[in-house]
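Some structures to go through are shown next.
Shared between the two complexes below is chain A, which has chain B as its partner in the first and chain C in the second.
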Partner chain A sequence: MSSSHILKKDHLIPLLRKLGKAYRLVAPMQNRHGDTLFAEVASVETMALDLDHQPQESLKPFLFPQQEVIAAYEADQAGYALHPRYAAPPPTLYFGVRSCDLAAILYMDVIFSQRTREPHYLGRRHNTVLVGLNCNAPFPNCFCDATKNGPFSELGADLQLTDLGDRFLVTAGRAQGETIVSRWPQFFSAAEEAEIKKQYQLYLEARGGFQRQVHVDLAIRRLAEGMVDEAVWQQLSLRCQDCAGCAYVCPTCTCFTIVDQPRSATSGERLRCWDACTFAGFTRMAGGHNPVEPKKAAIKHRFLHKLKYDVEKHGRPSCVGCGRCLDICFGGTDIARFVELASEE
Partner chain B sequence: MPHTQSDPYLPQPARILRVIGENSQIKTFVLAFTDPAVNASFRYQPGQFLMVSVPHCGEAPISISSAQQATPGEIHLSVRRAGKLTSAMHLLAEGAIIALRGPYGRFFPMSDLCGKNLLFVGGGIGLAPLRAVIQSCLADRGRFGAITILYGSRTPSDIAFRADLACWEQEAGVQCLLTVDTPEPGWSGAVGVVPKLLDQVALDPAASKALVCGPPLMIKFTLAALSAKGFADQDIITTLERHMKCGVGLCRHCHLDNKLVCVDGPVFTKAELNTLHVMELA
Partner chain C sequence: MAGLATTFGSGAMTNSINEIEQAQVILAVGTNTTEAHPQVARRMLDAVDRGAKLIVIDPRRTRLAECATLHLAIRPGSDIALLNGMMRIILDENLHDDLFIEMRTENFLALRDMLYRVDLAEVEVETGVPRDRIASAARLYARAQKAVICYCLGITQHICGTDNVQSIANLAMLTGHVEKEWTGVDPLRGQNNVQGACDMGALPSVYPSYQPVADPTFRRKFEQAWGVTLPEQPGLTLLDMTHSGGQGAIRGMYIMGENPMLSDPDATKVEATLRGLDFLAVSDLFLTETAQLAHVVFPAASFAEKTGTVTNSERRVQLIRQVIPPLGETWPDSDTIMALAARLGYPMPYESQAEVMEEIALLTPIYSGIFHDRLETGWGLQWPCWGREHPGTPFLHKYYFTRGKGHFVPAQPIPASELPDDDFPLLLNTGRVYHQYHTGTMSRQCPTLTREADRALLQLNPADAKGLAIRQGEMVRLTSRRGSIELAASLTEEVTAGSVYTTFHFHEAPINRLTTAAADPKAKCPEYKICAVRVEKVSP
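And then the complex of A and B:
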């Protein structure tokens, strides 16, 4: 079903120029502080495209913004009315998306449509084209091999790119991808057998290139068997600084809260904002009862959710091995640390 | 662009028709959606809850305390003043508009209750969701056996739902017993925690279902006492309170192991809770 093409690197900018006219274009770019982040491309000519570093954030903030208005309300003597608000983003093409972040989007697709269809996420997602980029050289904290969704991906992308040096091998995985190739055929040529073989060679090399061994499977098995000692949760929970950095950078953490933001005495907005299960107040009820004892179990649900409950529900963990929480956690309670402790006999 | 009708976050305005003061902390609000079509098509089951919006205060989950058949066209919410939203709601009078979305959650298994003797055990505001079941049973009295209602309050002046209790007692085959933690002058009823009342009533566990709602400790001791009396775990049904923000299985505030209480509960049998790590049973 999928077809393979070649895109010479000389053709990348001209192609992006065309794509930028047809879509809102989002790509990993280096900002003036030297950080690589996904950002909207204002000008293809001057963009600081960076395909050499892992974007510090996933696409989560684009598809599921940290804060968004879901309704506006008026309330006065005459009544109380709430009106839904939908941001209507233009069709957006995300370029250079790594396998981990693609897997995370497939996960969010399920989360935001399974129990209840979530109109804000799905509205954005509906208007989305994904151009993936396979990782020839995993970054220092990556372990997507252990979570089995990288470093090369076959799922989720409309077009999937592999860097072959002076050219990209382009695989069209979904209809939107085919449309792009056939709409701008001048940039693409047919891939040859040798180039497809080269891609496979690169895949094997990439798989050998992980610097971390994170035994995710073993931790999953020990959790399933109930073999993880309470002391592990307690040790990690005590070290957790309650900052929620891990949840914010995590491409698969989707907990949120809903709050009213008064704008005047008679009007306001209802916002949906990211939240994190590690916060002490996440489960606390009026009157102070809290089913989660913060000092003993603040961090427990995060790891059980990713490595036990989602395995039971979806057949795979919802950690996609992107390594971002390893970068951000200053308490030393990231998921790799947990996997290590959980795997100890 | 999504249809507003299918927006899971969008509440509908509802008018307060009457306010019943139950005690100094609890009021029952009698409500109807301002849109007659919405009101006419609204259907719910005992044990389900609504997400209630009060201007500028966000939302809170509140059980529906009435039964559809007993209060046609009206929805009752019995609300204990607990914090920001519930206090703001207590300031509202007849005619004020709030907004509601729902109904949400798994309800009490009414068909399983048919033909059984029913034992209701409530503490404080916990009688609210049970009130919906009791109303539903009384509206269809012939389908259920003997009804016993045990209700605990902190003090005699804290006893809520007095008018309801008085009515229920008049019904054939209904027995109500009250207890208080701390008596006041003039109180001649029972003193002590609710589970103690179990010793004062005739029970036939094999032919009964017990429905329990109250604060966490009350649930814990009542469930233990019911088991000791011989109730099987699948015949003990309770409803749990958890922090909830969305009510529709998205925000995860109400997580309980691999369940989400807003959609997998809030009604659970003790048999189901036994397989989970539940604060109320710990």
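And then the complex of A and C:
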């Protein structure tokens, strides 16, 4: 059972100050170049909290870093020894997480606990508190309504916030959220019926606020029916610049590779690094043959994975409609473009 | 640089990169834009999405060529013939801009007389491009209201590089496609700060802001500012220095952030020169092939470890900020230079990079309004910027050309310095791949990039490969009059029969041991794009 409370905006910073004493605090902040990014809050006094713009990156780099040392190694003539590295992460509270990024975390939870449980991600995840923020006004590139995980979220967050103007409606969704409300009860008052109704009204209005029509369901159906023409893949793959920017900003792209980085003649570190299926090296074999011809199908696997394989496997696409790849793409081969082309009869 | 300076009065992009997006026609000549300038290619492709026509002139079928409305696959080195052919058609069909020519240019009659002697049948033979395709390109370009030409090293790295550039300028002036927003002539620079290095006078014949060394007025200005007597003669060009054979007047060199052992043509001579010096010092991030020959190596700090500015293709001066302290024993280049200067008896006690910028503003007219505090916010300033209140200049030559009137310089086709013959029957062209940068000093340290491309591939047309019984991926020996290397063959239709192509990133296959040091007589830019070679199977 979820419970609803009211937090006045005047008391947000004081609440964050208390939370900052109990957790490592991460929130969307504007840096001195005007970019909004999730970052660790060094000081609640001076933090430039920015809840008006979409953070340029999701929480992926925090829970699944771009580069991570997973072991140290020593090697000499006699052989080699591998010493796994694991640092227990501090309890962390992520504040102001949008519904797309929440959905992405739920997806990563599944990916990293299939068959073998992955200790690095799950270790961080278990020490995580998520405070979500519903989107009253979707951003220009967003289409989370089409991927059916936004603009409001009812899943995944420990506390879910809705901006009601001078106050937040706070819904405690999970145990950790209830803990926060009961540990600092002075900040919260009971929500009234009118306030809960206002939240639903905002939800309805937000759904009408999308500037892009991206018919994800149509593309999914046409992929399932095998109706997407080869020419679509070719047209987009030819223009793909192979920079992997889409996979790097994507909150649900979780492919990685493992490389050994020598630090001396006899020792080094084993790193886990983000990888991307658009790289030719992702599929090229030792003899040089590549079953995926880059110019014809570089991006095929990426979109099949998001909109076909994951639908078959998990019942929903693994695109969460955050729209970040639309901004980053050099060649105009982003997922919205694909959906548009794939949906053409 | 030299070509545009003569015709327009300024050797830089006339537009801003963003303007390319709004063009109706884009003529891309000798530029593999998607691989070498992805951020520019992005604008080109956006323009295509908005309905712009893209014309690509390139001997290879690059990705950009595949996205083009029209791809003219010319014979390497026949750019002037093609451009003259286009201009002849424009003239014949009365598509030139009379008013622009009258108001803004001079020496048109010389161009017209030369064009009237152009034989279009000969152009067809020389370029290998059918006449109707040349005519289509000419009409598309001339009829557009907003048309840009982008060119790169495929134009300049020829023995006729300056004439190539002047032909491009002729075409733009003939049709009035300069002096406006979204319309112009845009040389794409190869690195983030090549434009800045040229602007600062890292050229043998000019001081900062292209003020000639030979002119006593400018010389006195710099003598006064620096408190020294400066030489009256221009310095030596790069090739004069690196190809002197080590027996010349130059006995010592200090090389910063450059790896001529791999990047300069006819590299065997470069090695002899460097080994013949009495003293060689090198600054670089890593121990490059050049640094390995040095008596003293200065470990240099990377971009993230220092503060300063870079000036990009569109003349935009941007601040780069230090984010981490220099790693290990590395120093920022400015610290190394100041310490060296002090030891040599000429202290240069600048307190900060901002102070250096103040001196640049004082002595460099086109930078006179550019100060660090103005660069702190926004996206930098585009020169010319004439004072603190000046907002910078997004596009050049508004109302009049920098030199006054645009000057037509008619150019005749000039044969390459070395053409195929019986012993060396193939044409070698060199360039770059997307995932590696120059001699690989930095990019080959990154495992993701090396997984994408970590060895040299010789692109060879399947028809040529068949004649030589060479299979896909087989190691072959590539030989020119100057040297021989071994590398793997990659059979592809991207190159036409009779041509081969490879990159200069990899020290295992140092292609510049084969290239020729023959250079454009004006700009002294070597002919990296053409030399004669033969391909053989490596005997088992």
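As a convention for this text, the second predicted complex is superposed on the first by the 341 of 345 C-alpha atoms of A that agree within 3 Å, B and C clash if a C-alpha of one lies under 4 Å from a C-alpha of the other, contacts with A are read in each partner's own complex, and residues count from 1 in each chain.
As a working rule, a residue touches a chain if its C-beta (ideal position, glycine included) is under 8 Å from a C-beta of that chain, and two chains touch if they have at least 3 such contacts.
If you're wondering where the values come from, they're calculated on a predicted model, not measured in any experiment.
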{"item": "Fit or clash - chain C, chain B, common chain A", "value": "fit"}
{"item": "Which of chain B and chain C A:Gln241 touches, first, second, both or neither", "value": "second"}
{"item": "Which superposed partner A:Tyr80 touches (first chain B, second chain C, both, neither)", "value": "first"}
{"item": "For chain A as apex, the angle formed with chain B and chain C - C-alpha centres, to the nearest 10 degrees", "value": "80"}
{"item": "Broader residue contact with chain A after superposition on the shared chain, chain B or chain C", "value": "B"}
{"item": "Which superposed partner A:Val259 touches (first chain B, second chain C, both, neither)", "value": "both"}
{"item": "Partner chain(s) touched by A:Lys295 [first = chain B, second = chain C, both, neither]", "value": "second"}
{"item": "Superposition-derived minimum Cα distance between chain C and chain B (Å)", "value": "11"}
{"item": "Shared chain A contacts, counted only where both chain B and chain C touch the same residue", "value": "257, 259, 275, 287"}
{"item": "Parts of chain A lying in touch with chain B, wherever the complex brings them together", "value": "70-71, 73, 75, 79-82, 84, 86, 88, 111-112, 114-119, 122-123, 254-260, 262, 268, 270, 272, 275, 277, 282-287, 289-291, 301, 304-305, 308-309, 312-313"}
{"item": "In the complex, chain C residues that touch chain A", "value": "34, 38-39, 41-42, 45-46, 49, 63, 66-67, 434-435, 447-448, 451-452, 473"}
{"item": "Touching residues on chain A, where the partner in the complex is chain C", "value": "238-239, 241-244, 257, 259, 261, 273, 275, 279-281, 287-288, 295, 330-332"}
{"item": "Chain A contact footprint on chain B (complex, rising order)", "value": "1-2, 4, 6-11, 13, 34, 53, 55-59, 82-83, 86, 97-99, 215-216, 241-243, 245-246, 248-258, 260, 263, 278-279"}
